[in-house]
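You will see chain A twice below: alongside chain B first, and alongside chain C after that.
So, the complex of A and B:
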């Protein structure tokens, strides 16, 4: 019964979304508001329906309804409740369902938040967002149904056959409860980690979030309202999507660092890169829409950027799960490969044709030209180029080169970490340089002298920082250059905020703290943006330190003995115990002491968990802002109380990566937080003719 | 007369404007060209230095020209061949050929390890903690070179263990467990 409710809810949501597309377009073209309102109501109705479908799957997972294939594939009788719940997005079918639910939630929110201000855009926003939703629901219903169950049928030869089906086939019966439970697989032990539990939802929230600005951009093209309305309406959507995507990426890194046990957090793996691509293009978009808002430039470019972000989102959602990474051929064979490609190609074709159509009619003309090399707009364009080149280079390395060589040369060429470590550092350095220079430049023309003057103090602070770093013992030239470039961007952000604060102190005689708070409340986007820059700077410092100065050492230690790691650090093996966790897995636990300059600074317990399916090493780490002392108990046959082998990584500054992430989140929240403004209702009573006049047109 | 002068002046201004616009466009074009050229250089040179052919075990053994060249191969791990010197972190194991094209990775791996006629190659990798995923029937993707001695010296090791649920179908075990199918006849009817 449960599974049937899920399927029906899913089917109704699909019908509602299809109806919403047709009604919205019809209402929009014929200017019949009742059709548009009906479309909106259908679009909003998809959310409760999707909520029911998700709840049904969660109930099935919590109750162990193992006849549902998805439940059997992601949980088993020993799975704790927490992981039963999170199994909702643990595998393909569930995560597609979850994706659609977020999509319907975001579409509903867009209807509720943006309905009154953007009436002219709304019919097409409904059409585009519901087309995306309908496509995902189509996949869930017909190709990757999470409610599919297993049945047994008796053949004419008396043999029992296993049949997968949504509804009960004729003469079929369910397998025994015992055999179903025994057949259950459970969640891969590698995925049982906090970071892995919330990393997929964060990524999905980011992915889905970007489809809303995309729908608005396409609505602007379709409706002919090509003012900056669509950008203003979606600024917060874009920032929120960007925030979640950033969080998803950082949490994924944290998971890799804690669980995979190779002392790193980013391996340039195709799966990681696929999630990084929308972030890069989305970041370019985030910056370049500001040029359109302020100067009315880059209208076509922004359209292409949002289409690019949407394409990268589609690619990120599918590339990782449809076999594209293994080979083009397995992608072509996978069930969702072809539909995904058709959907993506169709949407892109329609969008690009609409851009060309509007452009030919002269409706996407830029209102200003570039004023000079050092204007803010030029800086933003250069920033865009860097982000797009990064995206292209990373796409080429992970997907382009292997796919093209396999298709056209018959032999697959792969590019390893070497490629990424060569291509990306100069581009990231450029990104940080622009991040340092751009905030100082002004819209329109900026003279080089004025910029030079504004740079003096940040440059001096950067110089002092470098002197400090050299005094602390770093002589590595590449590292010094990298630290210099990154910290300049940081000092510029700090100094520009300071200047803004001091200007208020001087002109309004406020005390500095009041001035600082006022600065942030008056111009949240700008100063929140500076905090985001600061977060990216802190992350950059962490990456430079942990990449260039990682220390790696391993060795066998007898119990009570000490292994010298370097001049400063040593590791003592104290004890070894075997324990059993409540879910039945055996844990081999070593107790070790970290010694620095002959002083005991921490006791750690690296361990190996013996899951039935595989062993899993869990590192012990002593974390400070200065570094992480990261110890792995190395699995080997003769692990014993008398001797064990340890692998040690000392990762300098690695924790700055996570702290930088927190700063970035704070900065984005400040940027997103609404400014104080007149409520919509008041405005529409003040200017009734304006409110109604803008509603319909075309 | 006055009007003509005025027109002439206006035309002159317009002309200057065009010149100015053209020269800025030209500057941006050169700048853009330089950026594009350096980006292309960066990507192409890194592609050449970082590229390795992704080939099968059979290809590697059949073509002597690959000896000593950096390649990437994928194969099925034979569990009984895994040897691990945990003191020096040296890992040895043998992988067996997986065909270029398959419908289901788990099945291809299973067939490969059970077929003694499949081409096999010993892999040697140093300074490597034994990964948790290294076990019988796992897919190993290794990057390195084939030595004169017939051993593949790897510098990079990636592992994948597909579960049999990946293709979404149910296991035949469910039916094997049913001894008294008749008991369910009532339920189905």
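So, the complex of A and C:
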């Protein structure tokens, strides 16, 4: 019964989304508002329907309804309740359902929030957002249905056969509960981690969030309202999507660091890179839209950027789910590979064609021109180029070159860390330099002298920082250059905030704290942005430290003996025990002591969890702001109470990566936070004027 | 008896001399770190983009053992990497060793960078030299915004 409810809810959501597309386009083209309202209602209705479908699957997971294939594939009788719930996005079918549910939620919120202010755009916003939703619902309904069940049928030869089907086939009966439970596979051990529990929803929220600005951009192109309305309407949507995508990437890094057992957080894996691409293009878009808002420029470019971001979202979803990453051949064999490719390519093609159409009609012309090489517009254009080149280089290394090589040279190649560490550092350095210079430049024209004067103090502070770093013992030239570039961007953000605060102190005679709060309250976007910059700077410092100065050592230690890691650190193997966890897995646990300068500073318990499907090495880590002492038990040879192999990583400043992530999130929240409400009297006098401008159609 | 002693002594001396002529090679001690240093340059043949030194797949265990044996036999890191590339293809290294594939890998982003830079340069030059266009007259948004803002500012001043 549960499965039937789920399928019906899913089917109704699909019908509602298809209806919304047709009604919205018809209403928009014929200027019949009742059709548009009907489309809006249908779009809103998709959310409760998707909520029902998700709830049904959650109930099935929680109750161990193992006749549903998805439940059997992602849980087993020993799975704790928490992981039963999170199994909702633990595999392909469930995660697609979850993706669609978030999409329907965002679409509903866009209808509710933007309905009154953006009436002219809304029919097309509905059409584009529902088209995306309908496509994913199609996948869930017809190709990756999470409610499919397992049945037994008796053949003519008297043999029992297993059949997978949504509805009960003729002469079929369900298997016994005992046999179903015995066959249940349980959640992938790699997903049993807090980071992996939150990471996928955050990533989906980020991915799906970018659908809304994309739908608004397309609505602007379709309706002919090519003013900055679509940008103003979507600024917060873009920031929210960017926030969740950033969170998803940071949590993914944390999960890799804790669970994958290689002492790092970013492996330049194609799956990671696929999620990083929309972040890069989306970041370029976030900066670029400011030029259009302030100066009425880069209208075509902004359209390309938001389409690029959405296209990267779709490509990432397609690449990671279709098997493209393993090989172009496995993509061709995948059931959803071809439909996803067609949707991605089709929507990208249609979007680009629409831009070209409007561009040719002369409707996307700039209202101002670039005044100087050192203006903020120029800095943002350069920033955009760096982000796009980074995105292209990462795309090329992850997908482009390997696919071309396999297709045309018949040779499978891997572009790994060696490639990315050669290509990306100069581009990231350029990004940090622009992050340092751009806030000092002004809109319109800025002279080199003015910029130079504004840079004096941040440059001096950067120099002092470098002197301090040298005094602390760092002589590595590349590291000093990298720290210099990154800290310059940080000092500019701090100094610009300080200048703003002092200007208020001087002109309004406020005390510095009040002035600082007022500064953030009056211009959340700018100063929230500076905090985001600071977060990126802190992350950069963490990445430089943990990449250039990582120490790695592996060795066999007899119990009671010590492995010297470097002049400072040593590791002693104290004890070894075997234990069983509540969920049945056997854990090989070593107890080790970390020794620094002959003093015991921590006791850690690295372990190996023996899951039926695979062993997992869980690190023991002693974390401080200075570094992480990260120990793994290595199963290269037999582990016993007498001896074991340990791998030790000392990762300097690695925790700054996580702290920087938190700062970045704080800054984004400040930027997203709504401004003070407009007084009712002003709203009531202004609203009629706005309403008269909201004409229908093209 | 004396003759027997002389024969035995000359036999022993000949053994010692022979032993000196063919010295036993001193075994090379290979540490886990030595194996990892080579394995870091290679990728798992089974798992996608998984470096050899961190992968737990059975094939990787075998490969690491093979690296250990080759290091013990006195082969250099480069020789071992070349051996794996020759036998398993360019997919086992982070950047292909084949000249054509290497060029394809590295030149791609360089070309994009150069094109992007040129495009940006010429775009800014063109923007600087063109006269600004008037805002689209059929969309009176800007003036609406201005009146809205001035009203808002007026209200806030009160």
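The working rule: the second predicted complex is superposed on the first by the 679 of 698 C-alpha atoms of A that agree within 3 Å, B and C clash if a C-alpha of one lies under 4 Å from a C-alpha of the other, contacts with A are read in each partner's own complex, and residues count from 1 in each chain.
Methods note: a contact is a pair of C-beta atoms (placed from the backbone, for glycine too) under 8 Å apart; a residue touches a chain by one contact, two chains touch by 3 or more.
Nothing here was measured: the structure is a model prediction, and the numbers come from that model.
J.: Using the overlay on chain A, decide if chain B and chain C clash or can fit next to each other.
T.: Once both complexes are aligned on chain A, chain B and chain C clash.
J.: Per the contact definition in the header, classify A:183: touching chain B only (first), chain C only (second), both, or neither.
T.: A:183 contacts chain B only, not chain C.
J.: Who does A:161 touch here: chain B (first), chain C (second), both, or neither?
T.: First partner only.
J.: Go through the superposed model and pick first if A:416 touches only chain B, second if only chain C, both, or neither.
T.: A:416 contacts both chain B and chain C.
J.: Check whether A:296 is in contact with chain B, with chain C, with both or with neither, and answer first, second, both or neither.
T.: So A:296 only meets chain C here.
J.: Once the structures are superposed on A, label A:553 by its partner contacts, choosing first (chain B), second (chain C), both or neither.
T.: Once the two structures are laid over each other on A, A:553 reaches chain C alone.
J.: Go through the superposed model and pick first if A:581 touches only chain B, second if only chain C, both, or neither.
T.: neither
J.: Between chain B (first) and chain C (second), which does A:270 come into contact with in this model arrangement: first, second, both, or neither?
T.: In the superposed model, A:270 contacts chain C only, not chain B.
J.: Looking at the overlay, does A:366 come into contact with chain B only (first), chain C only (second), both, or neither?
T.: Only chain C; A:366 stays clear of chain B.
J.: Give one of first, second, both or neither to describe whether A:226 is in contact with chain B, with chain C, with both, or with none.
T.: In the superposition, A:226 contacts chain C only.
J.: List the residues of chain A that touch chain B in one complex and chain C in the other.
T.: Residues 261, 326, 369-370, 372-373, 385, 389, 392-393, 396-397, 401, 411-419, 422-423, 427, 554-556, 614-615, 617, 635-636, 645, 647, which sit in both footprints.
J.: Going by the contact rule at the top, pick out the chain A residues touching chain B in the complex.
T.: For this pair, the touching residues of chain A are 69, 72-73, 91, 93, 144, 148, 150, 152, 154, 160-162, 164, 168, 171-176, 178-180, 182-183, 185, 188, 190, 261, 326-327, 329-330, 333, 369-370, 372-373, 385, 389, 392-393, 396-397, 401-402, 411-420, 422-423, 426-427, 554-556, 614-617, 632, 634-637, 645, 647.
J.: State the interface residues of chain A toward chain C in the complex, per the touch definition above.
T.: 225-229, 260-262, 267-270, 296-297, 325-326, 363, 365-373, 378, 381-382, 385, 388-389, 392-393, 396-397, 400-401, 404-405, 409, 411-419, 422-423, 427, 552-556, 614-615, 617, 635-636, 645, 647, 678-679, 681-682, 685-686, 689-690, 693
J.: For the complex, which residues does chain C have touching chain A?
T.: 31-33, 36, 41, 43, 48-49, 51, 54, 56, 61, 64, 89-96, 98, 100-101, 104-106, 108-109, 112-113, 116-117, 119-120, 123-124, 127-136, 139-142, 144, 147-148, 151-152, 155
J.: Show which residues of chain B lie in contact with chain A when the two form their complex.
T.: Residue list for chain B touching chain A: 21, 24, 27-28, 31, 35, 39, 42-43, 45-47, 49-55, 72, 84, 86-87, 89, 101-103, 105, 129-130, 132-133, 135, 143, 156, 161, 163, 165, 168-175, 177-178, 181, 184-185, 187-189.
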